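You will see subunit A twice below: alongside subunit B first, and alongside subunit C after that.
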Partner chain A sequence: MIENLDLSLVDWSRAQFALTAMYHWIFVPLTLGMAFIIAIMETIYVKTNDPAWKKTTKFWMTLFGINFAIGVATGIILEFEFGTNWSNYSWFVGDIFGAPLAIEGIMAFFMESTFIAVMFFGWNKVSKKFHLISTWLVAIGSNLSALWILVANGWMQNPVGMKFNPDTARNEMDNFWDVLFSPTAVNKFLHTISSAYILAAVFVIGVSAWYILKKTNVVFAKRSIVVAAVFGLLTSLFTVMTGDNSAREIVRDQPMKFAAFEGLYNGSKGAGLVALGIMSTSEGDGTNENMKDFHFKIEIPNMLSYMAYLDGNAFVPGVNDIINGYTDNDGEIHPPVTEKMEMGRKAIAALKAYKAAKKTDDTVGAKEAEKELKANFKYFGYGYFSDPYEVVPSVSISFYSFHIMVGLGMYFILLFVLCLVYIYKGSVVNKKWFLRMAIWSIPLAYLASECGWILAEMGRQPWVIQDLMPTMAAVSSIDSMSVIITFFLFLIVFTGLLIAEIKIMLKQIKIGPNHGGN
Partner chain B sequence: MNNTLNRLLKLPKTIWTFYYEGFRNQSKWSRQLWLIILIKLFVMFFILKLLFFPNFLKTKYDSDQERSDYVIDQLTNPKNQ
Partner chain C sequence: MFENLSHLALQQYWWIIDSLLGSLLVFLMFVQGGQTLIYRIGKSELERTMVVNALGRKWEFTFTTLVTFGGAMFASFPLFYSTSFGGAYWVWMAILFCFIIQAVAYEFRSKPNNVWGAKTFEAFLFINGLLGTILIGTAVGTFFNGAEFTVNDFNQSKWATPYGGLEAVLNFHNVALGLTVFFLARVLGSLYFMNSIESDQIFARSKKQLLVSGIPFLVFFLFFAVRLLIMDGFAVDAQTSIVSMESFKYLHNLIAMPVVAVLFLAGVVGVLFGLVKSYLLEKYTKGIWFAGGGTVLVVFSLFLLAGLNNTSFYPSLADLQSSLTIQNASSSHYTLTAMSYVSLMVPFVIAYIVWAWRAMNSKKIDAQEISSEDHLY
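Up next, the complex of A and B:
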């Protein structure tokens, strides 16, 4: 029972999931983005028939292959964890996760076994056009494969298109299209994949910059920079757009996350956007240890209201407003958390009563309990809390991860623009500071990408399924020691894989495009 | 018509040869990658999955009814009620 649950079990299960997800995400974005960069390069080769472009394509394909091989199946670990550590959650989500994950598995299998094989084994064996089509299909297929897992994640952030079945305690998919096209899922997918494209573009630029600094393969490097910078710039602008859409969606469906990543405790009309800030280590308004004040902040007046509602004077709810209840700009009343907690408790009690009534064949009692459950199910998860402030995520983690992600995103736009300007002017070879900066941008791209996930997942705490299931109710009653052991096992396995990836990649980069190939 | 039929009949052999030659002519680093993939899959599926990650509900209960009863019991007995 949950009352006997060891708190360290929840924390270790979360830590293990975070560790595996973050390691998995080291490999994924490079695959997603690099696949398109390679496809663009190969298209130029097929169009121009210039063998130099073939060499360029083959070199980046080699690095893509290394990353793909090391990263493949690292995500399966997450599925293991669902079944072992998060069994209540796995049961509760029912077939909602099953369908997208099954499609993802089948898609990944067919794509990997056919088109990737053509990509690597097919040079000179299939026609140029067929090879090119295969490369594009790998790019599209790997991104579509990501779609399904992101749809599942989107559902956790904004559960739609389902009905709760009290007989089985499972959520059953009611409308597949509502799940697939929920604004959360669509924005999450587009924002995630476009940010992966930026990472891949920065990677290609960074590696190419190293060649220019070493004064080797300079023409190849410049050519690669042009493709990556154009691709990176266009996808950056798209990422800004999807991020903007995402913010408007979050303020509506996950207002607490929005308030947390902006460090907004008390909402107001015409709220300002904190562009830069350092949070204080002391408590802000004394209500909760999570509520840190700012040491200093640079605020853009009215910008947050505009970002959230496209209206500079709109009301943006802060953490305290959400706790105490507020009326939004459309006049909708959002009850205080204490009220939601009461409704959540009623829903939990109704589920218990329903089950008991069913056991004794009490149809009238079962019907009444089901009615009560339906009326309060919206806030089912709130019934597990005893203090309203338990629904506040870590404001400082949310704030910093959001601001680091956005700040680095802006920096990458500058990097891509400078790349194109210096290439156009023919001065990139002489800009040693810039080339060094480009190399050091590679880890920054990974940092930004990981920060995005930290924001998405830490910002929505304490929920695994928004409003319906808190993290503490999702874990299995297992021995926390087994989770601790596997945490360190994963740490060793994944670190080993990462070291192998970096070593093999560095070796191939040193060999270069002239003697490499796949 | 005959040509198409012949091609179709030869297709399995063509696919087999394509993969066979592809794997045979791999570079040294590609073989290293395959080794890493195989070791990784072995560790994941035969060590981690079998020893450390049994499906909690599947191993503990025989039927879906028992599993749902267990989860409902877990969900309806929180500490705050």
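Up next, the complex of A and C:
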């Protein structure tokens, strides 16, 4: 089915998707979170009728608009890239994956685009109340769009609610609610949007801190910090909770990803959590060059078992356990990867046999082939691999992205708490070190957010759909030179736009809230 | 409700929904048409600002409709999505780049410190208006004239030429549709300016454009429509699913589906009425609604001609039997049913769009508003 596999095509297609997705993700979290921060500020304005709050709302709205535009620009490509660069994927799972994308357009994008025009231009055209509702609808619309795309992504991590149809050679949805309410999708959505709120809160706090340091717009800045820090603190706690749920869910549905981001090569009962660690360049246990040893690590005993199963003595499988087969805590036996590969090859061969039998109207042959396919379909994707260690994602990338994300997440909680303490004590103006720290936290928030996606997507490798379709089988059959050219075109265009965006933002921040939006 | 419909009925229902989205998209391309007229219609900085801001409050509707059209096609006819996007790589990439640069252009154009200068962002708008419309029209032309792809037994597709779909420009009938869309978008853009901007000069120049763009629009449209009705089309045998060429296929479709014929003619009349009345009457501003409504009807009926009545909506020139039909390219019965329930939201979406549009356009944009507005494009 995938004759003449061109590895450079796969690599460049992945590089392009990573480039465009990571560029898009620079802008999305700020949009998701800032929309609510603005809506809260405008609500305070409508309740208090204090024009200073209107000014505050309008200032953040200006920054929101600049960021939103480039988010839209970088977003359109992602929807179409599934077709242009991952054409086989689009057919193999389009029956399930297409629906959330369409719903996203119908339900969310129109809401966003309709009410964003009212939000920006409706101040003197519609009533205060209608305007406020519009602002809230922009926030709800943008977050709804996140819901649907994250449902789609959650399904790639943990495919549910479908069955394979050999006649069409694709997976077909058989339960919409399973897809929508899959625990993976729900956790992913909640974790992603709440982490986006943190980023937006850190952004607002950082920019406000700059004003306080410059001794301009101090009252405005303090007000903004209060709203952002309360918002950030509440959503941080929620992010911790959903992240914790995600971890428990990943250890069951994507144990390899879990083992990789914990750098756990050999599983054990009562496994310890590596809170901090630096990997060396030498091999870990000699089984695979991907699995590096640790230079040093600080481990919290039994914590990993507790995190994964709420039981400090539970067994957590490591990379080697998954490769060699293991029995999980529920007594379920997971066969070795070599066995899965064998079953996958049988499934692929059975599909070919089914098609051939159908062509010659051989109903008996077709039935037999279908039976064989069904029996082995669970590991269909494994049939594409020749070495069991091919199913291990990059351990160091998974490990670092996870630990940077979590570490920074904890740091932001501290930042929000300090903000509120210093504001409450009235001493924030004098805490220069803290204000500088707040400004420098902005890039850290972006780093944490991007790390989350690197973990989610790189940690899932080599799968595009967990266990069903390897990334290498998903690409469009086009020549790699085309993809190389578009990769660089995206790089140039998006970088050019990013430079403009940052420059415009900085200028607007310098202009400040007193001159309205500009 | 929907679960009791046959698979074919759902496929037809979804072809109709996609056609409706496609036709709304062409109407909303008045934004793109308007973008190619910024310097023609706006002779002073103030006038250009008025023109850009009039368009800037609507551009997202067009953009969102395009994205939703793509998403709906993916959900309802995934084989089209995978085959066309994955094969006609360069055509779609070119279209996408045209829209990427549009999305930032409004917001960044007049902002201080925008690095690349207002002219760059105006050029982005112009490129989007010129190439975006022509390329989309040309790509839709391949719905009638075919494209160079093959699909194997596992429904995996491959493009048969190294040009990634750009070879579609070699067929003038495709290009004629692209040029039709381009000039139509300019006509609609002019009608939109006449409707939404309070300025005698802008009104007069827009009116002049009705003739300048209207005549080439009619020439290309007539060429496209007449040739469509006399050419061979890609017919599908309802029993065997075998695709073959049929003389006068699209004319036959028009005769076989009289409702479509009525919609088509009503649409043509609507466009002409809106155009001619706006040109002849001195102060008439409502032409956009007739021409826009007519556009929706004409494009809608063209889509129906392409996909219904046992016709291949995406024919293959490389291998006739690889041609896509609404039956072999569609999603499963279950998915189409689920999506059909989602489609019930469309009237609500249209209702709030109309409501918001009316609230925002209750007063025309004038010089005074531009001078007092603090969020300007």
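Rule of thumb we're sticking to: the second predicted complex is superposed on the first by the 510 of 518 C-alpha atoms of A that agree within 3 Å, B and C clash if a C-alpha of one lies under 4 Å from a C-alpha of the other, contacts with A are read in each partner's own complex, and residues count from 1 in each chain.
Keep in mind that, in the parts below, a residue touches a chain if its C-beta (ideal position, glycine included) is under 8 Å from a C-beta of that chain, and two chains touch if they have at least 3 such contacts.
The shown structure was predicted, so the numbers you read here are calculated from the model rather than taken from an experiment.
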### Message
Quick check on the superposition: with subunit A as the shared anchor, is it clash or fit for subunit B versus subunit C?
### Response
clash
### Task
Answer with first, second, both or neither: which of subunit B and subunit C does A:N324 touch in the superposed model?
neither
### Query
Who does A:A349 touch here: subunit B (first), subunit C (second), both, or neither?
first
### Query
Can A:A73 be said to touch subunit B (first), subunit C (second), both, or neither?
both
### Query
Is A:G383 in contact with subunit B, with subunit C, with both, or with neither (first, second, both, neither)?
first
### Query
So, does A:K507 touch the first partner subunit B, the second partner subunit C, both, or neither?
both
### Query
Which holds for A:S476: it touches subunit B only (first), subunit C only (second), both, or neither?
both
### Task
Report for A:G83: first if it touches subunit B alone, second if subunit C alone, otherwise both or neither.
both
### Message
According to the stated criteria, A:G65 is in contact with first (subunit B), second (subunit C), both, or neither; which is it?
### Response
both
## Note on the structure
Comparing subunit B and subunit C in the superposed model, the one touching more of subunit A is C
#### Entry: Colliding stretch - subunit C into subunit B, listed as 7-15, 61-69 or 151-159
151-159
### Query
Where on subunit A do subunit B and subunit C both make contact?
1, 65-66, 69-70, 72-73, 76-77, 80, 83-85, 87-88, 90-91, 117, 120-122, 125, 168-170, 351, 355, 476-478, 482, 486, 489, 493, 497, 500, 504, 507-508, 517-518
### Task
Write out the stretch or stretches of subunit B touching subunit A in their complex.
18-19, 21-23, 25, 27, 29-30, 32-34, 36-37, 40-41, 43-44, 48-49, 52-58, 64, 67-69, 71-81
### Message
List the residues on subunit A that touch subunit C in their complex, please.
### Response
1, 58, 61-62, 65-66, 68-70, 72-74, 76-77, 79-80, 82-91, 94-99, 101-107, 109-118, 120-122, 125-126, 130, 134, 165, 168-170, 172-174, 176, 351, 355, 359, 476-479, 482, 486, 489, 493, 496-497, 499-501, 503-504, 506-508, 511, 516-518
#### Entry: Residues of subunit A touching subunit B in the complex
1-3, 65-66, 69-70, 72-73, 76-77, 80-81, 83-85, 87-88, 90-92, 117, 120-122, 125, 167-170, 345, 348-349, 351-352, 355, 383-386, 473, 476-478, 482, 485-486, 489, 493, 497, 500, 504, 507-508, 517-518
### Message
Looking at the complex, which residues from subunit C come into contact with subunit A?
### Response
57-58, 60-61, 63-64, 66-72, 74-76, 78-79, 81-87, 89-90, 92-93, 96-97, 99-104, 106-108, 111-116, 153-159, 162, 164, 331-332, 334-335, 338-339, 342-343, 345-346, 349, 352-353, 356, 359-360, 362-363, 373-376
